[in-house]
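Got some structures for you, see below.
Shared between the two complexes below is subunit A, which pairs with subunit B and subunit C, respectively.
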Partner chain A sequence: MSQQGPWDAIVVGGGHNGLVCAALLAKAGRKVLVLERRHVVGGAAVTEEIYPGFKYTVCSYVVSLLRPWIWRELELARFGLELLPLECSFTPHLEGSGLCRWPDPDLTRQEIARFSATDAERYPEFGRTMGRLARFARHFIDAQAPDPASIWPRDLAQLASLGQAALELGDADLEIQRKLTLMSAADLLDEWFESDALKAPMSCSGIIGTFLGVRSPGTAYVLLHHYMGEIDGASRAWGFARGGNGAVSEAIAASARHHGVVIRTEAPVAKIKMSGNQATGVVLESGEEITARAVVSGLDPRATFLRLLGEQHLPPEFAKRIQRYKFRGSSGKVNLALDRLPDFTSRPGIGPHLRGDIAIAPSIDYLERAYDEAKDGRFSSRPYLNVVIPSLLDPTMAPEGKHVMSIFVQYAPYELADGPQSWPQHREAFGDAVVDTLAEYAPGLKEAILHRQVLSPWDLEQEFGLTEGNIFHGELTLDQILFQRPAPAAARYKTPVRGLWLCGSGAHPGGGVMGAPGGLCAKTMLQQAGV
Partner chain B sequence: MKAIVIGGGQHGLAAAALLAREGLTTTVLEAGSKPGGLCRGREFVTGYRHTGIHHDSDALRPSAIAALALEEHGLRLRPAPPVFVPSPEPERALQLVASDLVRRQEATGFTAWRASIDGWRQVIGSVLDAPVPPLGVGEAAWPVLKRAVELRMLGAERMIELLRVGVASAEDWLAEHLAEPHLRAAIALPALIGSYMGPRSPHSAGVLLLREALSTPNEVEGGPAALIDALVRVAEHHGATIRLGKQVRTLQLDTGRIKGVELVDGEVLEADVVVSSLDPRATMLGLVPPGAICVPEEDEIRRVRCRSTSAKLHLALSRLPPSASRPDLSPERWRVVRSPRHLEQAFDDQKHGRLPRTPALDVRVPSLSVPGLAPEGHHVLSAHVFGVPARDADAWTEQERQALLDRALAELEVDRPGLRDAIVGHELLVAPDLEQRFGTTGGHLMHGEHALDQLWVGRPGPTYCRGRTPITGLFLASGGVHPMGGVSLMAGLLGGRAAAESR
Partner chain C sequence: MPRPTPFHARTSAACHSFLWKEWNGFAAVRAYDGHSEDEYFAVRSRAAVLDVSPLCKLDVSGTDAARLLSRVFSRDVERLPERRTTYGVLIDPKGKVLDDGTVAHLEGGVFRLCANERWGSWLRRNARGLDVSIEDTTERWAALAVQGPASRDVLAGLVDFELPAMPFFRCRAATIAGVRGWVSRTGYTGDLGYEVFVGAADAERVWDAILGAGRTRLVVPMGLDALDVVRIEAGFVLSGVDYHGSRAAMIESRKVTPDDAGLGFCVDLERSTPFCGQSEVVRDRDVGPTWDIVGIELDWAELEGLYHREGLPPHLAPVACRIPVPVYAADGRTQVGQVTSQTWSPILKRYLCLASVRRPHHAIGGRLRIEHTVEYERRTVGGTVVPRTFFDPPRKREVVRKTERTNPPAPRVQEHR
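For the complex of A and B:
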């Protein structure tokens, strides 16, 4: 296929969502060009060799929500994607042997029983309940956001069928769903369990990527995420992509190219071109202009509407909504190249407990303190950490005998007391806090570090274009999901600007390596003959 | 037919008045020496009275006043006085009234904010006024659908906006309208007292919105204590008997049906209907004999969260020092706050079990408008102190109480220098004191936290939110049941009606 226009669609940003959208459009016969600012595609799903021989899965590090239908339609397995299951969840403690939750329910029961016998009994029931509710939640993530304000028969039918699905849950599950929607993760878990050692690591999924604490109302619903993962059709929590999360993007890109998508890297877009109220193409930073029938943005809403487009092209009410849309990045990332594996005092030696994710979340109070500390613009001195050692699952990630470690960190507020631009002065101190925290549980860690990459929210913004360093293109709070994401007038990929579509994580159903916004955007465009 | 109402507070008396009017032989059993509960006026220092632990009464529902014909029984309304927000910087001190706001250039934002609430007032009111419909299909679908249609009739934009604001944080919502942080903190404060939230907690805007939508331009002349007087008159007018000093020890049941109550003093009273105005936990876990309800029904109650984050302070003052920032005003209501950040810190402090560095105070000086509360020229100051940890009674040593008092006074003295020297006596009631004195679980003033999941069908839970219980003949009339706590009378009417209808 020709490398030249005219293009049916230009996708701005080669993040995984942009790539999914481009691939599906091309598969339907459209001519699509992807423009990516960086030298690699993938955005927040990339693998890079920052230190010779060691491959970092730089930002995102686990896969759970990648939609099976996208996987199928883009034949990702054929294009090289392979997921390795993460085997367990380990929570080390300063004293005692910590808690490890295994795929084997009996082993998990024994582990939990060391803290509470009743919790051990209830744990499987909780999992089953969440599993049922996760199936209900899929009604929301695999379709356009419902629109409660619409009176179109199709939309009313969608609302009715969601209502029907809710009623089918039955009174008991509906009640739990109600609580999940409105409660804090900590309060909800309090209703089920008594042991802090269990509740703390479970509550963490409620706060990932948001500047809220485990006791903040509205964080409980994210607990479902942990039970929504589907890998190869099987319901499973988390997986690791062989080759890191860059491999996800690479597979999607390969599929896209196969369908004829042209991908240009190091092609930063400076502006979306307008003619009247119609987006007609883009202008690159180099000054090059490219026209297309449709422009699809894989960037976040603020970058798309306020930076590339400009307020003057937007209806004032809509512009106000976009300005109010909250980012408030609060997460950072530390990647380590290690000479040897860490040795946790809780469970000495090298064992299967290292092959899953490792959470530094000893208690609910610890997590809440980490949040409270960050409210006034400081990074947590003792943060929540989620650690994965990819090289244990995929030895090609590091030279033989050596390892890479991926550490996801909260809280690191974008808005530091001295302003976000002061992050470069605080970056290494932040990295030290992370390593010091982990070293309390795994002494000797510091001596094993060969190289360290520290990414603050400021760095995520500078390097990956994530506004305010928000990992999900905007907070996933109740006021910013479904028909409110990013604003009612743009919640279904179509925007108030003709010919401009939104396909990134700032659109429904939101962030995470799942491809759903990109996939649903493409479907919508094709349905509405938007391209 | 005999009815017993447990507790002679606002809700118990309202329920009793309804039942007596319906022709039931109604007896109110009140543990205290006077009726009123949290609305009871009390002499806390010899010669000085307050007008209730709850000190505001502007949420009193006009429909409730009408339903009980309270104005025929001596209830008088007056315009609620404006709220004054002092500040160390005199030019930033202001009253939440139009003229002052114009001076501060906050009028446009404030007006827009009020207007958006006014646009939602009716829908919110109709949800709060109606009993919670049973969820599910069939006949139940109708009221739910009706609410949905009402919501939809707001127009797409206002409906979506309501759904957004309802789950936002108070600080985010207010910041969209008001530039002055200190003003935002003052407006948010009342929503935080009674919930387990700081201004940055999601959903705090929803709670604030409910409270604002419930507030009226009027309040009861004489405060909550005068409301109790009127309620006692209505209840007695309809033939109800109010027995004081009668504490119920347990409910007596006969195969899942109520038979009567047994008092602490051993007396046994028979009844066909019992309405409890104690909080749901105190009733269902404290008065219902063990094993009378099944485990899931008991769990539903056990899960009601009642964590108090405030204390109550009463000061007897020999004089009221003038406001340093606005000596020209003599406001009855103040909110002593610094900024949303300080409010959030106070919330965090209590969360981690510490005394608040800077407590925030919702203040009222009832003696400015109610005669006879204090000797001539003297005054009574009543304040909710926000940011107080929920600790056990024995953790509240004299020293800790004094430390809390000192911090509260320090905040008050910023605008009222000399206040400390005017103190004749004081009463500081922390949660365990309130629990002990009034029997409310956790000393919680709202009979259960205000939180979105603890409202509507969640107040206190699907089994109980209509004022009914699994025990035939036992009903709940408490702020812990739909719609919410505070001085509105609504929960009392709801429980009373459910009981009356059961005949």
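For the complex of A and C:
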């Protein structure tokens, strides 16, 4: 296919959602150009060799939410995507042997029973309940956001089918579902379990990517969001892409190219071209102008509407809404190149407990204290960490016998007390706090470090274009999901500007390496005339 | 009562699951840790070792060794150069398949037949008047398959020759971890891999050396459950499952010609010594084969739909299924064959079947319906006939010369304009 226009659509931003959208449009016969600012595609799903021989899955680091229908439609397996299972979830403690949750239910039961026999029996029941609710929630994530204000027959039918699915849930589940939307993760778990050692690591899913604490209302919903993952029909399964999350993007890009998408890297877009109320193309920072019948933005809502487009082209109410849309990045990332594996005092030696995710979340209070510091504009001195050692799943990530470690860190508030631009002065101290925290549980870690990459929310914004460093293109709080994401007037990928569409995580159903916003945006565009 | 293999001290120490099965009279591990998932991913993304000692091995030597094997094997063994291995079938005088296996032409005029069953007496019966010596070496040689993308790097440092330059389907005598034996670049996984043969007494030493060298690459022992998934991905048929050898067939209709078993590709008809049953094979071919073993990919959306209708998530067994189920023509009523092996492929994200179907339903692209039970009710799911080799990575055949030796493939970070 020709590398030249005219283009049916230009996708701004070659993140995983932009690529999914482009690939699906091209598969339907449209001519699509993807413009990526950086030298690699993938956005926040990239693998880069920052330190020679060691491949960091720089930002996002696991896969679970990637929608199976996208996987199939884009034949991602054929284009090289392989997902390796993360086997367990290990929570080390300073004293005692910690808690490890295994794929084997009986092993897990024995582990939890060391803290509470009741919890050990309740645990599978909780998983099943969340599984049922997540199955209900999947009605939402594999379709456009329902519009409660619409009287169009199709929208009414969608609402009716959701009502039907809700009825099928049964009273008990429905009550939990209603509560979920209002409760905090800690309160929800308190209703089920008594052991802090179990509740703490479970509650963490409720705070990821938000500027909330485990005791803040609404976090129970975010917890459910993380139960929606599925791999091969198994709910709540987490995987690691062979080659890191860059391999996810590369597979999507390969599929996109196969369908004729043209991808240009190092092609930063300066602004979206307008003619009246119609987006007609883009202007690159180089001054080059490219026209297209539609412009699809994989950037977050603020970057799209306020930076690339400009307030003057927007209805004033809508512009205000976008200004108020909350980002409040709260997490950072530390990647380490290691000479040897960490050795945890709670479980000495090299064992299968290192092959899943490792959570530093010893208690609910610990997590809440970490949040308290963030509220005052400081990074947590003892943060919540989620650690994965990719080289234990895919040894090609590091030279033979060496390892890479990916550490997700919360809280690292974008708004430091002396402003976000002060992050460069605090970055290494933040990295030290992370390493110090982990080294309390795994002494000798510091001596094993060959190289360290520290990414603060400010760095995520500068390098990856994530506004305020929010990994989800805006918080996944109740006021910012479904038909309110990012605003009612733009909740269905279509925006108030004709010919401009939103396909990133700032659109329904939100963040994570899910591909759903990109996929659903493409579907919506193809259903509607003009593209 | 299954007997231990030469690796038993090691396999039993590693097998925490108590999951064993009988294989040719030997005790073989099904899954070391209770579920085969990690073993499966190891063989596809790292490397895994599999004790294949129960394979039946016959060492044939003497001036007429090649001639004898040519008489009983579908490949022309007389034209098989030294240090090469070939895959083919043993055929009975009626032109029906007895078994499938490999013949390796080792150094010094020795040939080794590896098959599913013991064929010593069958070979002796065909050896009248020939100068050959036939020895059943099943118990004498311990055999270990080292398979997966990292297998080359793991083994390269343990052998006394330039292993990366060894092409696919080659074999040779070698010293492995200080032990005399043979290495053959073959396997039953459809991946880059090797099979190592050493004397039974040296088995543990070689096991320790290979797993020791593979430690940093996370090489693990693998059982038969994971093997069953990868061999279906590779499209390899299994005797006794996907077809029945004529010696074991209770009834005539169970017997198959090489073409019926999808193995017509390994029949050499141009040869100086005709093989036993050759004229019958030619005659059957002239009449036209009636069956074929094909690959079928199930329609995932339809399968998922059957479960969703019951309010269930799709049920995927963690192991391959060998319970045969009927295959129907597109009308859903006329039975045209049976699926004999099926599995979900976690790497390919496709549901794969090996099936025997009546011609002309074997044509690639053809639509069939496959029985599938959901909530105790028999339903059918649509499927498409596809090439049987579902998984065939270039690394399987790749040869690395000294100068171009590289690190394992890295994720591509950038390549386009």
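Rule of thumb we're sticking to: the second predicted complex is superposed on the first by the 525 of 531 C-alpha atoms of A that agree within 3 Å, B and C clash if a C-alpha of one lies under 4 Å from a C-alpha of the other, contacts with A are read in each partner's own complex, and residues count from 1 in each chain.
Convention: a contact is a pair of C-beta atoms (placed from the backbone, for glycine too) under 8 Å apart; a residue touches a chain by one contact, two chains touch by 3 or more.
In this text the structure is predicted, and so the values were computed from the model without any measurement.
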Fit-or-clash call for subunit B and subunit C when the two complexes are aligned on subunit A
fit
If you stack the two complexes on chain A, which partner ends up touching A:167: first (subunit B), second (subunit C), both, or neither?
first
Applying the touch criterion given at the start, work out whether A:125 contacts subunit B, subunit C, both or neither, answering first, second, both or neither.
neither
Taking the superposition on A as described, I'd like to know which of subunit B and subunit C A:84 touches: first, second, both or neither.
second
Touched partner set for A:246, first subunit B, second subunit C, both or neither
second
Have a look and say if subunit B or subunit C is in touch with more residues of subunit A.
C
Contacts of A:49 with subunit B and subunit C, given as first, second, both or neither
second
Looking at A:396 after the superposition, I want to know if it touches subunit B, subunit C, both of them or none. Which is it: first, second, both, neither?
second
Subunit B versus subunit C as contact partner of A:71, first or second or both or neither
second
Minimum Cα separation, subunit C to subunit B, after superposition on A (Å)
20
Both partners, subunit B and subunit C, contact subunit A at residues none
Along subunit B, where are the residues that touch subunit A in the complex?
135-137, 152, 156-157, 159-160, 163-165, 167-168, 172, 176, 197, 200-203, 303, 305, 341, 344, 348, 351-352, 451-453, 457-458, 462
In their shared complex, at which residues does subunit A touch subunit C?
39-41, 46-49, 55, 68, 71-72, 76-78, 82-85, 87, 103-104, 135, 168, 230, 232-235, 242-244, 246-247, 250, 253, 257, 263-265, 392, 394-396, 400-401
Which subunit C residues qualify as touching subunit A in the complex?
34-35, 37-38, 41, 44-46, 150, 216-218, 300-301, 311, 313-316, 344, 346-350, 407-414, 416-417
The residues of subunit A that touch subunit B in their complex are 148-150, 167, 171, 174-175, 178-179, 181-183, 187, 191, 212, 215-218, 324, 326, 365, 368-369, 372, 375-376, 477-479, 483-484, 488
